[in-house]
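Both complexes below contain chain A, partnered by chain B and then by chain C.
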Partner chain A sequence: MRKFMPASELARDERFSQITQRDRMADGRSTVVLNNDQNRRSNNRLTPQRGDASEAARALMHGIFVGEIQALEGAGRTCWDFTTGEEAPFALKLDMARQAWDEARHVEISCKLSDWMGAEIGQYAENTVLFEAACSDDPVLRLAGVNRALEGLAIDVFTTMKEFGEIAGDPYLEFCEDWMLADEVTHVKMGSDWLRKVTENDPERRKKALEFQNIVDKMFSYGGSRSESDESSLMIARRFRELAGFTDTEVDYIAEVSMQALNERKAQIAERQAAVASKN
Partner chain B sequence: MAQASKARAPFAPWDRREIAGAFSVEETARRAGHYKWTEMKLFEALGGWIATVPELDVKMRLGTHCYKHAWHAELWHKRLPELREMNPDRLTVPANDAMVRFIDAMTEPEAPEQTIEKLVGVYRVLIPHFISAYTYHMNNTSEITDMPTIRSIKFILQDEFDDWRDGEMLLQSLIDTPEEADRAAAHQARLEKIMVEAGGITGPGSIGFQ
Partner chain C sequence: MAITVSPETFDFVSFDAAYIARIAQHVAEQLGVSDIDFAIEIDETSALNRIGTDTSGTPVQITVHSGAFEDKRRPRQQSEVDTTLSIARCMLRARDRVRGGFADAPAEKDLTLPQAAAWDTWIIARLARLDMPVNKQAWQYNWRNRHGFNDRADAAFERMWQAESMDWSQLCAASDAARSISA
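== the complex of A and B ==
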């Protein structure tokens, strides 16, 4: 088995259809809805009050499910791709193996939850961008991109879903999300600790890793679907991010980047709508 | 109750443990180093294969088993300094060149159509050899001086038996045709021959026979 595997070769059964982030963002059924349209909602936060709450929750749960598969694959590949001792410390690889087990349980939980919520495996397309962030040839960059940026996003997603379950009166959903949230906080902390430890005497490498994390953070602001604005589906879970080792400055930065992404996405949609209107 | 000051034998009548054991401190450390090396190679391979198998149930099992073998490697890593090896990396080595060739051959399958070969290597060859080597070690080492090793092996063996059963059941569910049965058997024979050459996970004498 060779080292380093491209996202295009991830093995899947016949139920799965994979798309890229570009395909996803080009999809007209954007999660961001402009609030200048009187016929549509101005609050996009995922709450049971939303008319499309069931469908949106099912879609999000499927997104979590495929994200967990890729997180499992990414953690596993980090165990394989790097030589122990020379390229990655033994203890770091042990942590990645532990994360693989955690992610495997998350796939199991997401399968059960999807079924509970009435969704089927493969009902929605799979965006492989998460695994792409796990393909760096530097293990520190992987930790920054996956454990800090993506698992950080998972904290936001699970917090939103947990609250959704709480408000909707679904203790099964709330229970599962709470357990997964505990694991994600652990993974983010793992990433924070290793980033600090491995780059202790290498400021240049740390800078590069943090830059990569910022790129992934921006990419995963999902065109504004995660921010502190009610116009975004997902909130930023400040308290859990603090527990996971993020500083206030780091969370402020993510909030700012997410808001920028939201505004950029809104501008793009407005532009497209204007173009359509001018044709008519 | 009898008087508290009454003399009692240091070993209760039901405690039949013996001091004698087959392994010196050095030999125990050597074996522990080979266990660690092989458990490491196994958890790395299981981790790498997760992305290459299309079967969702297999993918999840590999992720679970990957951690268990990493934990076994960690147990041996921690045991080595207790056996006077202060640089665990020095003994974290394969038993011989044939063991290196075995791991290379075991980790060769990569294509998504080769799930059977991947599972055969682990669950029909390597794990049965782990079970044998660990059992031999547990049953032959001193039950008093080397109890920490025995305790670790007992935890590890529980995992090995559970994982072997998982893997074997996955294989039985995947092998549907006579051709697939032949494929599984051919790959098993190929790997078993290299393992015979290696003499087992810790080399000749892995299970007592030289």
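== the complex of A and C ==
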């Protein structure tokens, strides 16, 4: 069986349509709505109070569904791509196998929730950015990129969706997201623990891994869809991140990067809207 | 009837204004609103899936964020199905307001979320009867988000979906009744 498989070769049936992060970044449009009144901020947080809440929640649920598939593939690949003992400790691989089991269950849950919310498999494009972060040839970088950055984002997403279900009174959504959130906290904790353990005597490798994590975090913050501002649809779940082993400094960094991405996005939108207005 | 589409050319998405106008023309004939003038304005800088209808002047204004016309599997490409459905939703809402017993309905921005969801349900049910491809489960989920997740709210949805006729006061009464059950 092949080792180190690229994202372009992920197995999917004809229902799926894949895009890359490059495709996403080439899309100059935004899901952040600017308020024309400069003194007021728009509230774009994904809550049932949004007029387009059902559609937005459905699209996010499909994103969770394909994200879970890629997380399963990433964890499974980490078990296979590295030699036991030499490149990755057996216990680390055991944790990745356990994670693959969790992710498989999450795929099934997300699939059923999508059905419940009225979405079909493949209704939305699948961004392969999550698996792209799981393609590093160093297992420690994978732990940093996938278990800490990616699964950290999952904590933010699941917290947002759990609250959505709670406010809307959707018992299935609230319950399922709560259970998956608990698993995600465990996955991040695994990443945090292994990162510390494996790089205990190798500060250079640890530094490199944390730099990679920051790059992935920046990538996931692209477009400003996640931040501590209500202008972003997803919140940063500080409490659950803390439980997962993130330090306050790390969460502050993510919050800062996310806010920076949001402000950059807002400036871009204003510029583009002005260009369109002058054209018309 | 006059239908205008703006902008005429697109920079952010691969949409075709003439194609949108042709679809709108066809939908207008199907829905019996060929006597009404429409101006369709697309915000191509927004990827959101939002639409709006303003019947306060002439022509009737249809405002669309580009996500509402987009093929969700192929970002930035136009979807004929989504374009048709979004325009049909706006045109039916306009028809309801102009001559369908919804003259008393408040302006779009003043509709409550349950009222908007109930009206959408009534609109989509009629589009389904015209054999337009709608996902009933998606609209039921929207109804549940606004009226509650319980069997009685589901029964109220089913009655709305099957209704032969409806005016604004009947729609409000049905929506209020479904919500009071949930409360």
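One rule holds for everything that comes next: the second predicted complex is superposed on the first by the 269 of 280 C-alpha atoms of A that agree within 3 Å, B and C clash if a C-alpha of one lies under 4 Å from a C-alpha of the other, contacts with A are read in each partner's own complex, and residues count from 1 in each chain.
The working rule: contacts are C-beta pairs under 8 Å (C-beta built on N, C-alpha and C of every residue); 3 or more make two chains touch, one makes a residue touch a chain.
This is a predicted model, so every value here is computed, not measured.
Asker: When the two structures are laid over each other on chain A, do chain B and chain C clash or fit?
Answerer: Fit: chain B and chain C sit side by side once superposed on chain A.
Asker: Angle at chain A, chain B to chain C, CA centres, as a multiple of 10°?
Answerer: In the superposed arrangement it comes to 120 degrees.
Asker: Considering only the touch criterion stated at the top, classify A:Pro6 as touching first (chain B), second (chain C), both, or neither.
Answerer: neither
Asker: Answer with first, second, both or neither: which of chain B and chain C does A:Gln123 touch in the superposed model?
Answerer: A:Gln123 contacts chain C only, not chain B.
Asker: Look across chain B and chain C in the superposition and give the shortest C-alpha distance you find, in Å.
Answerer: 18
Asker: Report, in rising order, the residues of chain A that make contact with chain B in one complex and with chain C in the other.
Answerer: Touching chain B in the first complex and chain C in the second, no residue of chain A appears in both lists.
Asker: State the interface residues of chain A toward chain C in the complex, per the touch definition above.
Answerer: Residues 17, 19, 23-24, 27-31, 33, 48-49, 51-56, 58-59, 115-120, 122-125, 168-171, 269, 272-273, 275-276, 279-280 of chain A touch chain C in their complex.
Asker: Write out the stretch or stretches of chain C touching chain A in their complex.
Answerer: Residues 6-7, 11-13, 44-50, 66-67, 72-76, 113, 116, 135-142, 144-145, 148-149, 182 of chain C touch chain A in their complex.
Asker: Within the complex, which stretch of chain B touches chain A?
Answerer: Chain B reaches chain A through residues 40, 43-56, 59-64, 66-71, 73-74, 77, 89, 107-110, 112.
Asker: Spell out the part of chain A that touches chain B in their complex, as residue ranges.
Answerer: 1-2, 5, 9-13, 69, 72-73, 75-81, 84-85, 90, 93-94, 96-98, 100-101, 103-105, 107-108, 111, 121, 131
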